[in-house]
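In what follows, a structure is listed as structure tokens, so that the remarks can point back to it.
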């Protein structure tokens, strides 16, 4: 009897198959790697895990977003690979690749730089938002015409909310 | 001595100030915005007053509300912390008018030192080396370009009133100068209501070294040695240390003397910090005076043994400094790492949210100033500083080792933090060698990626934890899986 | 340097030693008994070895098992902590034979200093003042009584081999002397297998002052100044501080010199503590040498800035002390409070059990060495020390204020602790005046009752908490009432 | 509508009647004292309570024995007065007044000082137990004859377990 977890960690899919889970002992496959380990659930948030030559304290907290795991100061968010949204690809040093005008974090709108009906270039600034003393300009992801402005200065906005709808005028839009 | 002090701030600094107040037997009044209703500085206060609203402007920056709260709660003094109203001369003046003691320098000292060219003139007159450049501001582009040519390129164009990088730009060539001055002047006008700018020599890869001073009302001025604060991202310090690895004993003596001269020239009273830029040849130049408690004051507290907040309160209460310069000795080495809610993988973008778990490091030589608790909210409205890890040890090497241990034992979950990045910076050869210039982070982040070699163990731990749903743990708690995140049935009794 | 050290201890001291090892890049091996399976020192170790069994004799005192664990895990050195095998000459000898470095003095030094009259002779020969009395033990009652009369009553009769109060008694009059000697000799025979006892002058209300020393293998000996450890209950220290409020500068110089002489006379190597009794006239007398790390070593670390555990490891690895006596300066004041699992209302009886909640104080100048976590078990088998609160500040007064704040912020629930008692001792006028003799606790407990004036607020808080059953709290958790303790139905939605 | 709690705190019975418990506000009678207070359940273990001129942080943890409450470093055990055992009277500096030979804390038996059938005086030592490096002698609570010895050296014993049964021979035993 196996129990299988399809997890998503740091953008990578990891499959964990538990073969045995006795009191204090686990035998598992993590992808193609065989791991046998002893463990103790010290508190509801702390697991003490001995795998191979070393032991480590692992802190865990389950949330609706997934399980947070901390080992040696580094925090990982472990999600169910099926439930997790595919995840936006991220570039180091750059904002997530956006296809919509939406804030990267909960923010307050500082100013809207465009008007409805206005034509915009790809990369043109359309909205300025502010979070934690830092202003960020959101850019048009493609050239087009501003169809609808869905926010106003002073408003609190969340990631995922489209602040400005832009109708694409580039080649892809032609049918 | 005061019997009640209002702390006009939030976060870790409000908590830290209240700790010293409690030790001195002084009742503390906290203030809070709507989103800070359950913030740690509220829980730690003896009494907390709601300011109403959440924007800084309508809460921690609202002078009338702060003064009214102090009056209502009978506070004889206000500690402004750092940020918000800490360097606001108008607020200090208002306190003076209301007969409430502002724990900081007199309002006219704050005002004078806030005007950048005035501060440069004061320092120059007081014999403090300033960066070569203009001593009077101007908005005459021709005059500005001419001065730039006299100084020699590259130069820095700066707003005379400004701060925070606004209206500030580096000019490398004479050709680009006029346009840069015009733009800077325009930005300064928009941001600070004054077109006045000035030009000074631009230092490449400088180090940022500052000196802590204490001055009492009788004119006694002491320094508490320097802090090295070169490790910055977005012009904001993230790692500070003392002693500075870049000062030779003669330069240390000179820079501390210069800081005393600066404090005397400005008629300074209370705790302040004189900032300098240090060039590659060991020359140093006055940058500005921070007329408040610094974020990084704990490293100085650890190597000198002086409680700076206690001294601030005593000085504000009219007590003399009962120390002499010879009593103040640097002992050992201290490093501070700032723990922000931010994403080092994404240009250090701030990450507000809810902290679901926190475990702070402890043990010999470790101090954590923090506003964290499990379940606390990190609001989007304010600066994202969560905690400061401060470590102290006999030598710089031992201090680096201690900082690495502490960072690896610092668990924050729910919001992103730069803890793994900080650990890698501290462990780097460049940091160990003391090669800390203001370019450090930009250079370091280039080649940095977080270590993901532990992913397998993390996956295994998560799988075990998920499997333990509804099982009792050692501490007698029951681990619950929220219904919306329970892909598997309970594994109670699961055996191979 | 060693790459692996086995820590042959448990509790807070094992955790503290491992912290320094981790900083030095040394792998740590912990050992544990059955009841300590989930103890913090196991969780903190890089590797933990089960010893099997739970009694001290079959676990932390079992030399063969400890040596076998060190061999199996490749440890080149063993740190014994305090208690258990720390002052066991036979264990140190065994390590020497096995080629494992014992982190402590050579076995023959431990043996010599463990023999009380031999230690007295060594110290006397080395010019260290000893308590007036016999330098050779005896079991001849007539001789003992005669010596007692020469010394002058009151006298103390002590076992030559013993410790821990066994075979020890105070004799006030010549009439009672013979019988007391007979009883003491009998007790010594029963407890330590030797009828040899000796007689020395009894000091009334002495202070207990000890000096920390460090000595390297080359014969360099340094002192790290004194600790005042007079606040004791059942001959066990509960509050220690440094500097001692009872030493004048000349006495401090003399007692520290005497400690250096003692260490030299004994051929001491590694960290050790020379204990003295101080009489009311400022005279001091050698009591004994503790040939190990002391429980109260952190107060010395805080005022001198020296990491004693790091120095122990370096000395054991053959490294020289790279310090000179002049480098070691007392700065500020430090106080340690020991947090035992015990009941101050009931003769400080130990209280094993389960800790259901713990929150340790933090902030500037506070260090907590602890083995506590929520849900941890305090077993009945071992010494009941849970944690040590250590505070450091510029002056003794500021340190007292800081200790009071820290004690009031130290929450331990599930086992009884003396925290409220310690807070009242620290806040007392007698303690503030520095009137700390070994009689202090007996005198203070007489008039002490815990403050119960807060009972109404406690009752209200408990009622609110009970009423919040199954309601969501701010941090998103759900508060559950165990079925067996739910006198009331859920109050969800309850409104007046 | 009132909710009433009969609690036992530090040996004292306290009656708390909650009259109103809104989000963040409570009005109550504690015995005869009227208290109105605001509160916030900051975490599941921390209540922030403002009553009168001051505020305090209160730590609480519910256990089967009762609710532990900590205010300013002092811990209180708050029990349901009905469920709580009457509680042994305690004397400062002395062991609880015992009517039976039972250890005051979880302990290991070091030695049994009497034999079955032996007559004992009131106050005579009968068992020595050890806990946390401290030995304690348990005494006969009254004169009598040792009827049964229920422990042996090396055994772990718990408070409440009667280690030695003694049949009373004093006057009260005569019917």
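Lettered A, B, C and D in written order, each chain numbered from 1.
Definition applied: contacts are C-beta pairs under 8 Å (C-beta built on N, C-alpha and C of every residue); 3 or more make two chains touch, one makes a residue touch a chain.
All values reported here derive from a predicted model rather than from experimental measurement.
Pairs C-D and A-C differ in how many C-beta pairs touch across them, and the larger number is found at C-D.
Greatest centre-to-centre distance from chain C is found for A, with centres as Cα means. Averaged C-alpha coordinates put the centre of chain C at 29 Å from the centre of chain D. Taking each chain's centre as the mean of its C-alpha atoms, chain B lies 39 Å from chain C. Put simply, the C-alpha centre of chain A and that of chain D have 51 angstrom between them. Chain A and chain C, compared by their mean Cα positions, are separated by 50 Å. Within chain D, contacts with two or more other chains are made by residues 40, 42-43.
Residues of chain C in contact with at least two other chains: 38, 356, 374-375, 473-475, 477-478, 480. Chain D contributes residues 40, 42-43, 46, 48, 50, 53-55, 57 to its touches with chain B in the complex. Per the touch definition, chain C reaches chain D in the complex via residues 55, 234, 341, 345-347, 349-353, 356-357, 359, 380-384, 407-414, 416-417, 419-420, 423, 445, 449-452, 454-468, 471, 473-475, 477-482, 484-485, 487-488, 491, 494-496.
By the touch criterion given at the top, residues 15-16, 19-20, 22-25, 38, 298, 301, 305-307, 310, 329, 331-332, 354, 356, 360, 362-370, 374-376, 392-394, 398, 401-402, 404-405, 473-478, 480 of chain C touch chain B in their complex. Put simply, chain A touches chain B in their complex at residues 1, 3, 5, 7, 9-10, 12, 14, 16, 18-22, 26-28, 30-31, 33, 35, 37, 39-45, 47, 49, 51, 56, 58-64, 66-76, 78, 80, 82-83, 90, 92-96, 104-108, 131-134, 136, 156. Residues 37-38, 42-48, 373-375 of chain B are the ones that touch chain D when the two sit in their complex.
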